[in-house]
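Labels run A, B, C and D following the written order; every chain starts at residue 1.
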Amino acid sequence: MEYTPRELMVVCAARQIRDSERVFVGMRLPLLAFALAKRTHAPHCVGIFETGLIRDTPARELLYTMGDAPNICGALWTTSTINVLGLMAAGEIELGFIGGAEIDRYGNLNTSLIGDWRQPRVRLPGSGGGADIASLAQRLAIIMPHERHRLRERVDFVTSPGYGYPDEQGSAGVAWRQRVGLPRGGPAVLITTLAVFTFDPATGEALLQSYHPGSSIEQVQEQTGWPLRLAPDCAETVPPTPEELRVIRECDPHGVWTR
Amino acid sequence: MSKLLSMTEAIRRYVHDGASIALGLALEPCIPFAAGHEIIRQGRRDLTLIGPISDILFDQLIGAGCVAKIQAAWVGNVSEGLGHCYRRATEQAQPRPIITEDHSNFSIGLALRAASLGAPYIPTRSLLGSDIPRKNSTFLQTTSPFDGSPLLLVPALQPDVTILHVQRSDEDGNAHLWGSLGICQEAMLAARQVIIIAEEIVAREVITSDPNRVIGPSYKVCAVVHEPWGAHPSAVQGYYDRDHQFYHEYHTRSRTPEGFQQWLDEWVLGLKTHQEYLAKLGEARRGALSVKEHRYAAPVDYGY
Amino acid sequence: MSKLLSMTEAIRRYVHDGASIALGLALEPCIPFAAGHEIIRQGRRDLTLIGPISDILFDQLIGAGCVAKIQAAWVGNVSEGLGHCYRRATEQAQPRPIITEDHSNFSIGLALRAASLGAPYIPTRSLLGSDIPRKNSTFLQTTSPFDGSPLLLVPALQPDVTILHVQRSDEDGNAHLWGSLGICQEAMLAARQVIIIAEEIVAREVITSDPNRVIGPSYKVCAVVHEPWGAHPSAVQGYYDRDHQFYHEYHTRSRTPEGFQQWLDEWVLGLKTHQEYLAKLGEARRGALSVKEHRYAAPVDYGY
Amino acid sequence: MEYTPRELMVVCAARQIRDSERVFVGMRLPLLAFALAKRTHAPHCVGIFETGLIRDTPARELLYTMGDAPNICGALWTTSTINVLGLMAAGEIELGFIGGAEIDRYGNLNTSLIGDWRQPRVRLPGSGGGADIASLAQRLAIIMPHERHRLRERVDFVTSPGYGYPDEQGSAGVAWRQRVGLPRGGPAVLITTLAVFTFDPATGEALLQSYHPGSSIEQVQEQTGWPLRLAPDCAETVPPTPEELRVIRECDPHGVWTR
């Protein structure tokens, strides 16, 4: 069965969600991933939205923003933004999804600006809740288009902290997060249009975990701004099942987010 | 005591050059576009805008030259991407330079919550290791006096005026808001003064029949404006949906300064009032956004 | 997934010796007396009780010997005065010694709010110059890193279990609470686990019809107990009034240890369940406290 | 027209409320004072309750506790306790009423314990919201029975700070509140069963402002544990008007709080 790169990304994202987890779902592909996980292997997962909303069923209609009316109807709780972000700060959210304009080999994300931070060449919209999710969720899943200028050796500005950088006090990775005072978390996975990366918690480095069908390690390297390190079990990404594609297309019948 | 004013009068009296204004606080819904457009028409200058994600209203105010400073987590177009006016102002100082004190959604909420509690700051572990504190010198990185662990102190933020769009209010400013709440209550409690824009003006008894649904204390409200569809193109739960197409058109047209100016002339400066805006929008478009299926909350009995 | 349990089972499974329990969080109304009485019947020991003003339920738990520590702003009988069991425990270590970490209503709310925000503490200027910080060594007096002014840091407080009495809940613990809120939401968000005691168990659709009225996330709820009149003698808005006379009788009878023990035998230990309590209370007395005039909230449309 | 000491106290309390003020009213006599002020000289005053409630009309029925059902019906806002106490912390509440078991010449109140704080002889209920109101309201009004053992030279425990004490760093009064970091406020008035005191902000000392009809300066001194200082315009308390008494008796027809 044919599928688009974004449909495959949705499937990869859904596989990150474990049953009964509380997930900061955001919009677009992660939202579809939440619906897919819910209807396949994770029927008890709960979705959290930074507008101040919790729901355990996907909305009845496709959403353009998380504040759209169909997202409120059927919600278990509609409350203030800081109430739900507070739950995440208290460590109660297992998984969070975010995107980014740029990422580096240590999973640090930039959604703020390109160039010098005092006088940026390109001003991007900023953090939104991204920096909070990257700081506070137990695990972070990142979804991005795979382009060489986006996967850089080092980002211009760390909006959402990943595993930091090696410095005179020690390595990147979990040790860096502990050094700066982040209470938990860090990137678990980076899902792109070409590949899936996991991360080595000891060094904080991205590991190529799988390359999508039709791509290859070489092609991924070509589009990645750092020398790839491969996971020991690096392999081709398992393609979507017909059942997974059927669910995705039910949720987004016109391919608004998946074409 | 009635605080009912026309939008023109409310903005004239209570939004001054140089003021800090919090708006767009429910995130994507209930953005007070009609109020923002009146601020543009009245030519306010040197404003500080406070909000979480701020969708396109911040971009419009920036493009119109009203803004000196932004205190927000995100400025752009939620369903479309970048904010072109925000980019031009930041990158090229067009039409004027602006400065941004970057926040996250949590930190902007905590800043307003701190003010609402009379607390000078609230400590958090969010944003530790992020470069955002570089772009916001109001934050203070320190360590906990309890256990020495690193903390980011988010100082209290008190807007001069918070503008809230709600479903219904009485003439005193006792207002019901439902659906997405975002940081509306925090911003109302933190503010020196509050302007309420309401889809409907209702009797006091409608409001007091459900005091748990009231968003905040009416003694803070300086003006109540009755402006149906005043949040268009954003959504108001139970009243109208988000007009996604409108955001798309704005995104396309605002790519160039000329395109933005034409858009602004057409949708803001060339119209005297929100009534003219609605006439231009047309009944068919409004009809398409209107409620198709009512979904009433289960009854609640406050009796005794 | 249904979390419905009998009161006996809910307390047996989720309230353990030595646990910290938050209850009585709406101040005078919605005090979970039925849950407290079951805790007494099951003979729990070494509990820490957390709450704001705590009316007479704390006094009863203290008198029954269940309590090692109090973290509260006030312990007594709101309409009558002192708490006799609290006095005997503090002054004479009868039936056992207890320690109190004194709070004010604001500081106990801030402590729970801090926990709900994942913040290690919230700073306040309340209680500066008071002797209360002497009686609560968890507070830290310091100065603001911003301007050097004195501050009291109120550390986050995380109850092991928060027990909330609400008007209605579904079987998963999605619950509607209305009327006085006190520090209920803060205590629910701060807690490790939550027990919901509900006047009515309703369908999920009743709750989701009004998600703004939900008190907190049901994923925290470990048990839902259907216990009509479970808050008597405190009030539940829309269900029954406060039984002032009951508080008066308790105050009079608990003056002596013997009188308290008789009261406890009669109203708690001598009864196996809340059903027996209600039978003893009698229909006439319940009728007198029941709703005389319904007062329904104005309709709210979540449609689109 | 005859009246009880408590009715006179209600009248004295009502006179402290200015029009349009936001008042932390509490229960019993201050609540009656709020109703009285509202219906006489302060029609626009707003009452705040620490259960998390604001109302601009008195409840339709007599209340035993502020959480009683009639207090919720007709409220302008019913919210969380910290929302309304937060408004007070932010300086928005002009006047607060509290009572106490003991008070001293500097307006410091004790509702916590008698004797040594480590091993008290009498354990009292504690602060409730009292310490917050004393710390944070713009002005504090105190209502107490006048007995010599309650009006002491120095209280055993300062639950609710008044004007502190003179110490090596300076005087009591406003200067002391500034020294300890209280943001504003301090006792404006102490209303007892025998008299009304105001306070000298410079020294923090209570000044006998008026003695109730039937009492005298001598009798007040006899029941007061510190040597009285008189306000320059010390005089007899102006008695209730018939209109004032009529309103009070409408609000508390059986004299539950006023007999």
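Everything that follows uses one rule, which is that a residue touches a chain if its C-beta (ideal position, glycine included) is under 8 Å from a C-beta of that chain, and two chains touch if they have at least 3 such contacts.
In this text, all values refer to a predicted model and were calculated from it rather than measured experimentally.
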Whole-Å separation of chain centres (CA-atom averages), chain B against chain D: 40
Rounded Å distance between chain C and chain D, as computed from the means of their C-alpha atoms: 28
Inter-chain centre distance, chain A versus chain D - centres from mean C-alpha coordinates, in Å: 56
Two or more partner chains touched - positions in chain A: 53, 69, 72-73, 78-79, 82, 89, 136, 183
Overlap residues in chain C, where contacts from two or more other chains coincide: 110, 113, 117-119, 124-125, 149, 151, 178-179, 181, 185, 207, 212, 235, 237, 241, 295, 302-304
Pairwise touch network: line, ring, star, complete, or other: other
Interchain contacts (touch definition) - all pairs: A-B, A-C, B-C, B-D, C-D
Touch list for chain B against partner chain A, complex: 26-29, 52-53, 72-76, 78-79, 81-83, 86-87, 90-91, 100, 102-107, 109-110, 113, 124-132, 134-135, 149-151, 178-186, 234-235, 237, 241-242, 244, 295
Residues of chain C that touch chain B when the two form their complex: 110, 113, 117-125, 140, 142, 144-147, 149, 151, 153, 155, 167, 176, 178-179, 181, 202, 206-207, 209-210, 212-213, 235, 237-238, 241, 291-304
Of chain A, residues touching chain B in the complex: 50-53, 64-69, 72-73, 78-82, 85, 89, 112-113, 117, 120-132, 134-136, 157-161, 164, 176-177, 180-183
Footprint of chain A on chain C - complex, ascending: 1, 115-119, 174, 185, 189, 207-208, 211-212, 214, 216-219, 302-304
Interfacial residue positions of chain A with respect to chain C in the complex: 22, 44, 46, 53-54, 69-70, 72-79, 82-83, 86-92, 136, 183
